[in-house]
Structure formats: structure tokens, C-alpha cells
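Presented sequentially are two complexes of chain A, the first with chain B as partner and the second with chain C.
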Partner chain A sequence: MSVLEMRDLHVWFDAPDGASAHAVRGVDLAVSVGERVGVLGESGCGKTTAILAAMGLLPSFASVGGSVHIDGVDVLAGGEKSARSVRWTHAAMIFQGAMSAMNPVHRIGKQIADPMVFHKQCTPSTARERTRKVLELVGLPASVAQRYPHELSGGMRQRAGIAMAVACEPKVLFADEPTTALDVVVQAQIGDLLSELTQRLGLALVMVTHDIGMIAETTERAVVMYAGVIVEDGRTFDVLTAPRHPYTRLLLEATPVVNRDRPLVSIPGTPPRLDEAIRGCAFAARCPQAFEACTTRPTLLGEAHRVACHAVEKGRFS
Partner chain B sequence: MSSTVPFPENGSRHLLEVRDLAVHFALKRSLRDRMTRRSGKMALAVDGVSLAVDSGELLALVGESGSGKTTLALAALRLLDPTAGSVHFEGTDVTRLSRHQMRPLRRRAQLIHQDPYAALDARLRIRDSVAEGLRIHGATQSREEERRLVYDALERVGLTPVEAFAERYPHQLSGGQRQRVAIAGSLVLQPSLLVADEPVSMLDVSVRAGILDLLDRLRRDDDVGILMITHDLATAAHVSDRVAVMYHGNLVELGAAHTVIDRPQHPYTQALIYAVPRVHREEQRQRTLPGDPPDASHVPTGCRFHPRCAIAIERCKSDVPRLLPATDETGTTVACHLRSVSSDEPALDAGNRALQ
Partner chain C sequence: MVIALVATLFSFVLFRTLPGDAVTNIAQSPRITPEVQAALRHNFGLDRPLWTQYALYMRELARGNLGVSFTDAQPVSGKIIQAAKNTIPMALLGTMMGIIVGTIIGVNAAYRQGSARDRVITGSAMILYSLPVQWIGLLMLVWFAGVLPTSGMSDPYLIDAGFWATAEDRLLHIILPATCVALLLFGAFALVVRSSQLEALSDDHVLTARAKGYGNRRVVWREAFRSAMLPLVSLSTLTLGFLIGGGILVETVFGWPGVGRLTVQAVGARDYPLLQGLFLVITLSVVAFNFLGDVLHAVLDPRVAE
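Up next is the complex of A and B:
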């Protein structure tokens, strides 16, 4: 059963001058209970926008089309009210900058307890008790509850952010670049914590990142986005070791790895402008495999390992 | 690999040589310290580091945030005054020079910042941003000469057609293009040394390779020495000749890049390498390093890594290890009681060997 279901999700950002950027251009994504999904792509490909839309967290100048169901609740149908009923209790989010995600003038404990009091109608003392439990769950001493965000290191803050996210027992955990602002060693610690915790609590994880290694180690399914659409979707191992879409291949070749047995490549060109209509495949202009058929938009085809590419479909490229 | 340029004035044969460099920052004194007339605490950002960069060489300085790598780089360029130690650049000890005397040397040693969005003035056209250094140093005789040098620099960093790029503003460029502009602004002054502080960490993976290639070409074709600061070992592995690993203000390992990556000696270097996530399951990470990154104001006794080290022995808590040749004869030097040869040999010899 899907605990998260995005159907034909679109997001437009409207500029004051009447122009509009089509940031998410039709995303279909179903995530099962307990499934750990990594969403991969360059900056500006719409990955963060898509998960913010699912949480109802987009700014007022964004318009959203399609539907998002989380744990059976239609998030977009009832405006802010339905989004609020989903947040924390059904779906919670971990942000990139754990510092900016917290209020600097409140103690960590209060910040973790507040959503429980508000959304789960806990009494303040139950919430305090549970705060201690979730802090221990993420590997922090209970005394951290008495501290302010600036007193913690980056890694500890991100742990506190995770504690806050799981406190109300959501079914889905969204993580937006949860390790980007952290050091390598701390990144590994947070990655371990996320995969261990989601498995223990049976949480579905949707992690947005451009860090391929992070996806490899914490997720079981990888989704690659380009210019607002999903271009590839499959088991993490398959996508990373036998990528099918030309974009995924180039992205992997551009990623430095420690055992340097091959030269790095860069992908020529830049992603398309989102404020102009994109005809056909958005990657065609940068794609070494592009041919005539690429002037029409490819659909995501396949069974377990799906890919949206005419060249793959026609067997020109495999 | 690297060619050693003799700089005649004095001892250093290297393009850049840092000896026993220390940079300590005074922290704000607490009220109690002030009332008891005690001196305040010091943050030992860099504490006794020696290393050298040759012309045409790319040395990667690797470490966590707070390890002191950026402080070291700033002191090497004398953008910070070191507390102790010396910095020789092109044979001259720059720590003894006045601001005025520094000026001609500044042109020869350029810094590339991490954030190409913040490094460029949003109101200047690209040609003016690139020409800024030339104007500050009064390096050109005519507008025509300036234009030629700017166009030449833009062409070398691959921003073609140069005429079109020269007229643009930073907001019209992508992150990778902006970083190229920043590099062009350094190149136009024909530096012998580039210090690149996390040059690709803010950029998308798809354009990183282009910037790294560009740095690689500069040292190969123009014999520029490059000190690249990075927290990313994978990036260091791809482009550098040698890797220096910093922890808590000290160098803990220094050696040829492939040796340090393939056969890391110091437990901290090993932890850093194991921490890099792998794509293939069979080579997954082995363990994570416990604990938090170091805090420069709280210096552990003995080996600064001992509180987080899995193999620490009693001695590590009291004796400070020096950078000495590794026991397994990989040619790297390592500051670890358990992994380096007996530290009975005179420190000076070992220090000199570390610089080879």
C-alpha cells in the first residue's frame, strides 16, 4: 500500500510580471510503507519543490496542480487546513540547514515538544517525557533538551532535527539534503542514523539529495529528476550501477569517487530554462544520444526499472 | 611531476613553504577571567604546521571544518598574521614584510573562494570584475592592453565567445560560469600560486569536473602551483599530486595522493576515507568515526585525535606525535605513535623529509 502518492504533480512559480516558471512538470511517485527512496538531481531540477508541495509548504506565489495523498489524506484538496492535518503526524521533514530550521531563542526540548502538544494533544509532561525518549533514539543525551540550538554542533543539531521529525510518529519522513551542510564524517553518522531509524520505526523515507553516495547507502530505491520530471526510477543498486537514462549515466560519470580509476566528465550545457515551454525531452539539447524522436516528450516506461528516454525505448542505446 | 624552482634569496627552494606555522586566536575573556586577571583562552586554529607547494604541483589540504585548513591558507597568503613560524613565498619570508612590501607579491599569489556567488560584485560587468586586479595593481599601460588581457583570461577559462561573456553581469551566469570568472580574475595577474578554498563544493556535480580540469590545466600548462583546500577526499583523489590531512590544527598525514587514498596510515585519514559513501555495495563503508569535529578552543592533551581514536594507547594521551615517516614504508609521513617510525630521530630531519 502506498503511504505517499503524488499524481501528475505540477508546480508553477508566478513572477510579479506575469511570467511563470514551471518547476515541477508532472511527477507521479508512489512510495510504500517503510520504503526508502532517494531523489537525485542537479539544483533546479524540482526535487525540493516537489516535496515541499507534498507538505503544503510552498510560498503563496506558487500554484500547484495534480494530487498528493499522504497516509490516505488528500493534502492539496483542503488548502492549508488539510496540509496542517498531515504535517508532523503523518509526514515530517528534515531540512538542510539544521540551524535555520530551529528557533534560536527556544530550548531544543521545547521545540521538540511543541508539535506533540499542538498536533497530538499530548499534555506538556507527556511531551517532555517523549522528548527525552526521541533524543535518546537519535543518540543524544536527554540533557540536550535544556540546550539552545547554538550550543550544539552541526551534527547534533541535525540529530535534534531528526528527533523533532519522528516525535509525532509520522509515516513519511521527507529529508531535504539532510547532510549537505555537514562534514564527511558527520554525514556518514547522520546517514547511518536515518537508515537505521527509518527501518526500526517502519517509516517511509523520501530523501532529496545530489549526493549519490548518500543515496547508495541509505535508500533502496532511487528516482532521478531532470527539469521537473522523473527520468529514471528503479532499485538504487540498479540505477547506480546500471543506469539506463543518458542523464543518469553522465551524472554518475561526473561524480568523483575515491578510487580514481577513470577521468571525470562534465555534462555539457546547462539545464533548460523553466520559464520557457519545454518541447519534447528536456535533456535532448545536452544529450549525446538525442535523435528525431526526442522532440516529443518520452514517458516513463518499464517494470521494475523505469526510464523515460526514446533512445532506450527504441533500443538505440542500452 | 613537480619541478623545483630555485629561489635564490634564501633557504626555501619551494614556491611556497610554510614552516612551523601557528595561528592562535584570542577568545573573548570571560568575566571570571577578567576579574581574576587571568589571560583569556586561545583558540589554536593552526598549531605548528610545515608544508611546501612547488610550481606546477597541486597539493590538496583535506580536513573537517574547524581543522584549521582555511586559516592555514589565509596565513600562507598573509591575509592573516601568523602567531609563529614562517611563510616563504618565491623565496621571500613574507611574514617579515610590511604591507607595502607585500603588494607586488600579492599579485603573484591569488585566492579563489568557495562561493562564486558572493565573490563577484553583482553590479560589475564580467570584464570589469576580471580587470579589477589589473587596475588595483596598475598592471596595464592602456585600455587596449587591459582588454586584451581580460579577453585572454576569459578564453583560457573557457568562457567563449569572450566578447559576449565580457559584457554580462554575474546574475546572467550559472554557478560554474561564475567560478570560471573568479578564476579568470586571478589568472589575469599571472600568478605563480593559486590557493583555491573549496573551489567546487558549492557547484553542481555536473560542472565540477570542468572546474577541476581547468585547475589541472593551469598547473600543467602554466606551471602554477595550487594549494587546494577541500573536505572532499574524492575530489582530492582526482586532481592532486599530494594530499595533506589536517586535524585540529595539526598535519596528521602527508604523502602522494594515491598512497594516502589507497593506503591511509593515520586512523583519522582512514576514518575520513571510510566515511566517503560508496556506490557499490561490496565496498560499503566499514565504520563511522564517533564523536564531534574538534573545537579549537579545547585542545586535548597528547595526540589531539586520541579521544576519537579506536587504537589509542596510554601514550597517546600524553605525548604529542610528530610527523614522521610511516612504518609501512609507503613514503607518506604520519603523526601517530603507532603508525610512524620511532620518533627518536631528530625532528628537523623528519620535518625536512616531510617536505620532499
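Up next is the complex of A and C:
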């Protein structure tokens, strides 16, 4: 059973001058209980936008199409009200900048405990007790509850952010570049913590990151996005070691790997403009494999390892 | 302390360099002969060298004695305390109203940034902010004359009234000057609140608060505004410091017997001891409120406390 289901999700950002950027162009993604999914894709391809849309957190000038179900609740149907009913109790988030993601004037403990009380999960004193427990769970001493965000190191802050996110026992955890602002050693620790914690708590994890190592270590399934759509979706091991979509191949080749004698490539060209309609495959213009069929939009096909590519479908290359 | 010392010296020199002295006014009366003038000057100590005057003043000041007024021989401290007792409630009430209204309006404008409501609010705040005090005051005088008492702080014919009647009388008298103060301040407060609130609303932690499922009111007030209060606190304490030192124009327009009006009278009469006392008190009040502002900052924002 899936705890998170996005069906044909679209997001348009309406600019004041009437132009509109189609940032997410039909994302289908079903995540089952306890599944850990990594989301890859270059900057601006709509990863953050899709996550925010799933929680109904986009600004008011964004319009959203399609549907999102979290733990059975239709998030987008009932407007702000239904979105609020799933926030934090069913789906929580970890943000990139753990520093700016916390309120600078409230103590960590308060920021962890307040939502439990707000969502009527427990009384303030039980909430304090649970706060101590989740801090312990993420490897922080209970005394951190008395600290303010600026008093913690980046790694501790991100741990506190994770404690905050799991405190209300959600079923889905979105993590948007949770380690970008940290040094490599701490990055690895946070990655370990995330994968261990989600397994222990049976949490589904949707993690956006540019760090392929993180994806390899913390997730079991990898999704690749390009220009607002999913182009490849499969087991992490398969996607990373045997990518099928031409974009994924190039993306992986463009990723630096230490201790590997391999020339770094960059993908020629730029992603398509989002304020213009995209006909056919969005990657066709940059794709070495492009042929006539690419003027129609490919669909995600396949069983365990799905790809949206005419060339793969026709067996032109593999 | 250093500031206070500098203030005494400054006020001493400053007021004494004004043309004329306490006797000049009296001397306009034809019956005051030059001999009498000289005697008066001697009495007030005005014939001594400036430095001796200052030394004497400082010696008495160290004993907590601000001297006596040249005009009515009453102790300066008593006069100032009496005036401050009148000014403080009016200034506090006005500032509180200004803060409350300015905050509500500023937060609302920020929440609906760019909307027609925001533009109307911001525009009127700007206009109010730039209008001269005496003009607003006089308009209020014209509009409310007859409806509300417009001058002084109590009805002179209200003698031996009970507690409630007196309280009501005071309240009616304080409305106009306090509202005038509030109107003056609210524009600036609303603009400051709006801009700091706009900044706070776009902070990541506000997105976190929304992700937590909090309702709009809680997000706007307890998360965003709570972290955006500092500029308002600075501005309020700064303004209060100056207001206690006398909203001279407001007090003049509404005949409010407070520190500001006392200052005007003292300047007119070249009442040096009173002026020096007032100057000292005003300086101290500004310094004290700045200090209060710093303390509040540290209380409200843990990042400042370090």
C-alpha cells in the first residue's frame, strides 16, 4: 500500500506579467510504507516544487493540478484545510538550511514539542518527555532542548531538525537536500542517521539530493527528474549502476567520483525554458540518441525499472 | 554616567549662551531700576564667573539638589516631578495605542503584500508619518472641540468630586493628546512593522511553521512576528525616551501641563536652573529608555544576549 501517491502532478508559477512557468509537468510517484526514495535531477527541474506541492505549501501564485494522497488523505482536494490535516502528523519535512529552518527566537525543545501539543497528540508535559526521547533517538543529549538554534553546530542542528520532523510520528518524511550545508563527514553521519531512523520507525523517505553517494547509501529506490517530469525510476542499485535513460547516463557521468580515472563530462545545452510549452521529450534537444519519435512525449514504461524514453522503448540502445 | 556629566556641562553652557537672562524679562517693567536688576542678578548668582556657577551647580547636583526655579522660587525637582507625572501617563498611553494599532496594521499589510489593502495602508501610514504634529493636533482640536475636552488635564470646576468622577474627567482629558501621540507614531510603527514582517514571512522558518500544520494566525504572529519584533522594540523605546522628555508640540497644542510645556515656559523665562534640570532629566530618560531597549532586545532575541 502506498503512503504517498502523486498522480499527474502539475505546478504552474504565475508571474505577475501573465506569463506562467510550468515547473512540474505531470509527476506520477507512488511510495509505499517504509520505502526510501532518492530524487535526482539538475537544479531547477522541479524537485523542491513537487515536494512543496505535495504538502500544499506552495505560494498562492502557484497553481497545482493532479492529485496527491498522503496516508489516504487527498491533500489538494480540500484546499488549505485538508493539507493542514496531514502536515507534520502524516508527512513532515527536513529542510536544507537547518539554521534558517528553525525559529531563531524559540528554544529547540519548544520547536520540537509545540506541534505535538498543537495537533493534540499529547499534553505539554508528555510532549517534553517525548522531546527528550526523540532527541536521544537522533543522538543528541536531552540538554539540547534548552538551547537556541544558533548555539548548535550545523550537524547538531540538522539532527535537531530530524528530531523535530519525526516527533509527531509521521508516515512520510520529505528531505530536501538535507546535507548540502554540511561538511562531508557530517553529511555521512546525517545520511546514516536518516536511513537508520526511517527503517527503525517504518517511515517512508523521499530525499532530494545532488549527492549520489547519499542516494546510494540511504535509499533503495531512485527517481530521476528532468524538466518537471520523472524520466527514470527503479531500484537505486540498478539506476546508479545500469542507468537506462540517456539523461541519467549523462548525469552520472557528469558527477565527479573520487579515485576513478574517468574524464568528467558535462551535458551540452541547457534545460528547456519552463515558460514555453514543451512538445515531445523535453530532453530531445540535448539527447545524443534523439530520433523522429522524440517529438511525441514518452511515457514511463517498464516494470521494476521504468524509463520514459522512445529510444529505450524501441531498443535502439540499451 | 559619563553621558549625564557631559549633558550637565552642555546644558549649562548652551542655555547661558542664549541672549538675555532671567532678569531681562522682568527688566521690561519700568519700575525695575538698574539697581534692582543688579540685586536680582546677584541673588540668582548670575554675576559670578561662569565656572564658579557651574562648580556650585555641580556641588548641589551631587547632593541631589537641582536648585530652585528663578521664576517662583520653587524647587526645580518638585516642578519636574509634577510635570513628569502628567506627561508619563499621556505619553505611555499614546505610545501603547500607536504600537498596538501600528503592529496590527503593519502585520496585516505585510500579510497581503501588494494587495489594494496593503497599498492603502502603506500610503496612509506614509502620509500620517510625514504630517506635521501641530497640524494633526489642531485638526483634532477643531473636530473634537465641544465633544471632548481639548485643553488641560482636568476640569477646573470639578471640585471635590468622587473618585470615579475624577477618573472619568482625567480619562476624557487624556484622550485627545494621547490619540494625537498615537497618530503621530502609528505611521512610523506600521511601516517598520510591515517591512520587518515582510522579511520574516519569507524566512525559511516560517515555511517550517506552515509545514508543521500551524494555522495562519499562529504562523503570522507567534512565528513570524515574534522573530520580527526587534525593530519595533527599538523604535518604541527610542520614541518613549524622547516623549517623556516632552512631546513639546503635542503638549502645547493641548495645554497639557507636562515636561514639554514646562520646557517651553522655562525657555521663555530664561529659568536656568529649571532648564538645566529638565535637560538632565530628558537626557537621562533617553539614556534609560535606550538601555531598556537593549535589555528587551536581549530578552526577546537570544542571539542578541551573547
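We adopt the following convention: the second predicted complex is superposed on the first by the 316 of 318 C-alpha atoms of A that agree within 3 Å, B and C clash if a C-alpha of one lies under 4 Å from a C-alpha of the other, contacts with A are read in each partner's own complex, and residues count from 1 in each chain.
The definition used in the following text is that a residue touches a chain if its C-beta (ideal position, glycine included) is under 8 Å from a C-beta of that chain, and two chains touch if they have at least 3 such contacts.
Since we're looking at a predicted model, the values are computed, not measured.
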item	value
Joint occupancy of chain A by chain B and chain C, clash or fit	fit
First (chain B), second (chain C), both or neither touched by A:Glu217	first
Partner chain(s) touched by A:Ala92 [first = chain B, second = chain C, both, neither]	second
Partner chain in contact with A:His119 - chain B first, chain C second, else both or neither	second
Touching partner for A:Arg84 - first (chain B), second (chain C), both, neither	second
Which of chain B and chain C A:Gln187 touches, first, second, both or neither	first
Which of chain B and chain C A:His150 touches, first, second, both or neither	second
More chain A residues in contact [chain B versus chain C]	B
Nearest Cα pair across chain B and chain C, whole Å	9
Residues of chain A that lie at the interface with chain B and also at the interface with chain C	none
For the chain A and chain C complex, residues of the former touching the latter	55, 57, 84-89, 92-93, 95, 97, 100-106, 114-115, 118-119, 148, 150-151
Chain A-touching residues of chain C, taken from the complex the two chains share	203-205, 207-215, 218, 223, 226-227, 300-303
Residue numbers on chain A that touch chain B, as the complex places them	42-43, 153-156, 183-189, 191-192, 210-214, 216-217, 237, 240-241, 250-252, 254-260, 264-267, 270
Residues on chain B engaged by chain A in the complex (per definition of touch)	64-65, 174-175, 204-210, 212-213, 231-235, 237-238, 258, 261-262, 271-281, 284-285, 288-289, 292-293
